[in-house]
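Chain IDs A, B, C and D follow the sequence of writing; residue 1 opens each chain.
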Amino acid sequence: MKIAFIGLGNMGTPMARNLLRAGHELTVWNRTLAKAEALKSEGAKVAGSAGEAAKHAEVVITMLADDHAVESAVLDGGGVMESLPRGGTHISMSTISVALSRRLAEEHGKRGQHYITAPVFGRPEAAAAGKLFVAAAGEEAALERCMSILEAVGQRVFVIGDKPEMANVVKLSGNFLIAAVIESLGEAIALVRKYGIDPHEYVEFLTNSLFAAPVYKTYGGLIADAKPENAGFALRLGLKDIRLALAAADSVNAPLPVASLVHDHMLAGIGRGREKHDWSVLGKLAAEDAGL
Amino acid sequence: MKIAFIGLGNMGTPMARNLLRAGHELTVWNRTLAKAEALKSEGAKVAGSAGEAAKHAEVVITMLADDHAVESAVLDGGGVMESLPRGGTHISMSTISVALSRRLAEEHGKRGQHYITAPVFGRPEAAAAGKLFVAAAGEEAALERCMSILEAVGQRVFVIGDKPEMANVVKLSGNFLIAAVIESLGEAIALVRKYGIDPHEYVEFLTNSLFAAPVYKTYGGLIADAKPENAGFALRLGLKDIRLALAAADSVNAPLPVASLVHDHMLAGIGRGREKHDWSVLGKLAAEDAGL
Amino acid sequence: MKIAFIGLGNMGTPMARNLLRAGHELTVWNRTLAKAEALKSEGAKVAGSAGEAAKHAEVVITMLADDHAVESAVLDGGGVMESLPRGGTHISMSTISVALSRRLAEEHGKRGQHYITAPVFGRPEAAAAGKLFVAAAGEEAALERCMSILEAVGQRVFVIGDKPEMANVVKLSGNFLIAAVIESLGEAIALVRKYGIDPHEYVEFLTNSLFAAPVYKTYGGLIADAKPENAGFALRLGLKDIRLALAAADSVNAPLPVASLVHDHMLAGIGRGREKHDWSVLGKLAAEDAGL
Amino acid sequence: MKIAFIGLGNMGTPMARNLLRAGHELTVWNRTLAKAEALKSEGAKVAGSAGEAAKHAEVVITMLADDHAVESAVLDGGGVMESLPRGGTHISMSTISVALSRRLAEEHGKRGQHYITAPVFGRPEAAAAGKLFVAAAGEEAALERCMSILEAVGQRVFVIGDKPEMANVVKLSGNFLIAAVIESLGEAIALVRKYGIDPHEYVEFLTNSLFAAPVYKTYGGLIADAKPENAGFALRLGLKDIRLALAAADSVNAPLPVASLVHDHMLAGIGRGREKHDWSVLGKLAAEDAGL
């Protein structure tokens, strides 16, 4: 298929590379051009703008940092919305707000374009290995047509429902659940340390018994190491996602008390100078609050 | 070894059975005698009191419901403390408070008895299969002498440290982490349901991607099923454990904000008539608060 | 002065009446015309639109329900923004978001118009008696020119600072503090009731000792009466204001944990069917959660 | 009346002095003898122990720091419980736990002694001026006999109910409400400071409008001054009281979410080195969390 791939960050680049390997014809665009040029040798064409990339595409994939970047690439004059041909499909894989996703669904609908969402779970290493988990939503026919694309970037594709916003909600709720793990692990590790227990041995115990999940291994290790300066996913980005989860919940009158608590601790983390640290720094804040 | 086994509830009975199978000589005691009689045919002797059971034992294991039951069987006149021979060892496997564990350590020490702790993680089925996880703590020599006993009830024994209270803290913090999973899953499931997403499919997605841990499968399923009337572990018992975790944290000035929040929601659950429901009823409360 | 008064609700009508009494020349507008007509006999002119009311005014006062109503009356085509003469002043007395207030400041500035804010504290009875408290902000000269207007509606005017948004923040933080009083009083009253203490006598004690403030008297009485069906200020309006307070705080990275907690309890109140009850219904929810 | 007065701290000394002035015959006792000697010149007799002071008394008043001090003076061998004559009355004015108050009621009852509670609200200056507020509870006849005593120390006596524990609950809930004011004011002041608003002017506004209560004036001023090093009431004492309030609520299954939040912030304050600061330091923590 003729695909326009918009956004070549830590996640987008390996995803685009996997699509090239799967035999798709890619035109790529990135705000910082150098990242796009790097894919030329692997067969990608490079466009001068998001709109130009979309002009001759059957499918446009957006994998951008936030709502603002998506609005700019898609909704601004000369962007994807205006240039994608009638009948084309936009696969939104970015972590964006439910509100923006709704608006995109509406605008694409008006233009006879299709819109599906397919946010991904996993870190850059998983993206490189094609091992992401994909949560997809939208009208059935459009999802089916794009399935081979989604399967090329992920180890498994889960169809969440027929409204595009549904996958956005799943992505945001998933990030909330990760944040809840970080917060509660951080509190528990601070507690056991106060009793003289080694945090690494504690995490070893947890992740080899009831909590044998990747997310506990990753974040348990990061909190026990207590070196949040090396940000894999910066606190301010985690805060952005928690804000989106709270907004999605607020707009349907669903309280998320644990998310509220995490939100407030993240703000405190920023207030206490940890904006650029990994979001596992929540564990460090819990330790400080416990006098460690 | 000559073992006195005190407490034959849902967990204690299968654990005692596994010790008999492993070739240990067991004298058992239970407040409700019938449960003790049931083990006679498998080779156990039945004692008339906890103290009597301990009189000729090398090792006494307590697996009782709460602090009160342990105090009554161990500390009251004619109990384990008075009758266990000098040099004998008490393995406390119950989920008890750090304060009581400290007191037991002190009292046993005065009498030249040994005291180690070995609380277990897992449900009755895991106990029957000898698949519990055991977190053990206490002086090294005593732990070593008892290792074959601990291995007979669990699939893996983790040595946490040399102070008995350490394993109690690990147990309480572990139950806190389970409660945190229930609470945050309950909130997330309420949220996605508000967007029309099927809760079972959502749990299916989570537990086959980042949250592939037993605890998410068990509680995700229970919350999605929304039938908390069938209590595996009643809300009031969960509340008891969260109270012990908060007390353990409070006594070392470690804040546990997520545990405070869970504690308050559990109280609200009791206030709203769910005392005897499974503690996954937290998910039902979250749904009600979201207008579902 | 020639004043256009936009918004004649429970608060706006008595405020407009006080301005008429103080000798000002008023042109009024309200979405529901009947409320405007009622002021005719007291000397007000009635305009057909907000823009028309503002066309010949020196000062426009907006006293509307929310951001949406202000945007519609001021920013839409043919509205106040377009029709207020250069050099005219807009006094925004509504409880609106900091974000909208900033935008209004910017837009008025571009047009050579003045913009000050003057949100009020107090209930309709206080408005009728001219006993409101006014928190005003904006450039000094504009504030001075409008001081006689502000003094006509309030018993006291406090100048908060030179940026218009400052008074909006004060208003929102003030409503947050009231909500915090309701929530904590509700919890305390539920607690003492569990001990058999009469809630009215308890409130009597509090408000005649350390908590001798109007807000404790009003809300203590309402919670003790436990008849939140009679809404003075509906829960959904209280929620709106808490949302604005949280948004104002979030945008400057200031955590407000008590506001987060109140927000989540308000959502639970809506989920549990109390949307239209007085916001003192928070006390009823606290009672239910305590099993009362 | 013949009164034994036990406990001559910052509060007890001025209270005892007022009783002397009112013409009562006082025998005093204090752990640090010097403080007792100071009252000799004003007519008090000094006893060598709490028990000795109570031996010939009609009424014993305890005004001690905490549960431990009361247990030691009253329940230990040779203490007040053993030596107070049958028919004598113990007025417990200390801030103690509901659990201890119940135990005292029971023990005094067994001995044919009377037990009432009368905790006080106010700071040392108010005690000196006889301007405390007194919340009294217990059997009616005993309260009546002691009324002149209570009126000598307070500006007003409120009878809460006929069970002694009731006044303890009122005292603890009152301190919780004060802590809630400190916490929410601290958050609000941090917020307005982020918008460039002067905290003193803000407090001036609040306390001259809706929040014209002593508690807002006192704590608003302390937070705005931001000098919590000068402890009037140390954070660790505030924490003690919040712990007692939470325990009183927990034992009747009443959730106090705001108290939980305050408790966790107080622990964080201790973890961050502010144990000995005034409890208004909660406002400083809120400011730090907001990046101020």
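Note that in this section contacts are C-beta pairs under 8 Å (C-beta built on N, C-alpha and C of every residue); 3 or more make two chains touch, one makes a residue touch a chain.
Nothing here was measured: the structure is a model prediction, and the numbers come from that model.
Ranked by how far their CA centres sit from the centre of chain C, the chains are topped by B. In terms of C-beta pairs in contact, A-B outnumbers the other of A-B and A-D.
Work out the mean CA point of chain A and of chain B, and you get 38 Å between them. Rounded to whole angstrom, the centroid-to-centroid distance between chain A and chain D, based on C-alpha atoms, equals 53 Å. Contact of a single residue of chain A with at least two other chains is seen at positions 253-257, 261, 264-265, 267-268, 270-271, 289-291.
Within the complex formed with chain D, the chain A residues making contact are 264, 267-268, 270-273, 288-292.
For chain B in complex with chain D, the touching residues are 243, 250, 253-257, 260-261, 263-265, 267-268, 270-271. The residues of chain D lying in touch with chain C in their complex are 98, 121, 133, 135, 156, 158, 160-161, 163, 165-166, 169-170, 173-174, 176-178, 180-181, 183-185, 187-188, 190-192, 194-198, 201-202, 204-206, 208-216, 245, 248-249, 252-259, 261, 265, 286, 289-291.
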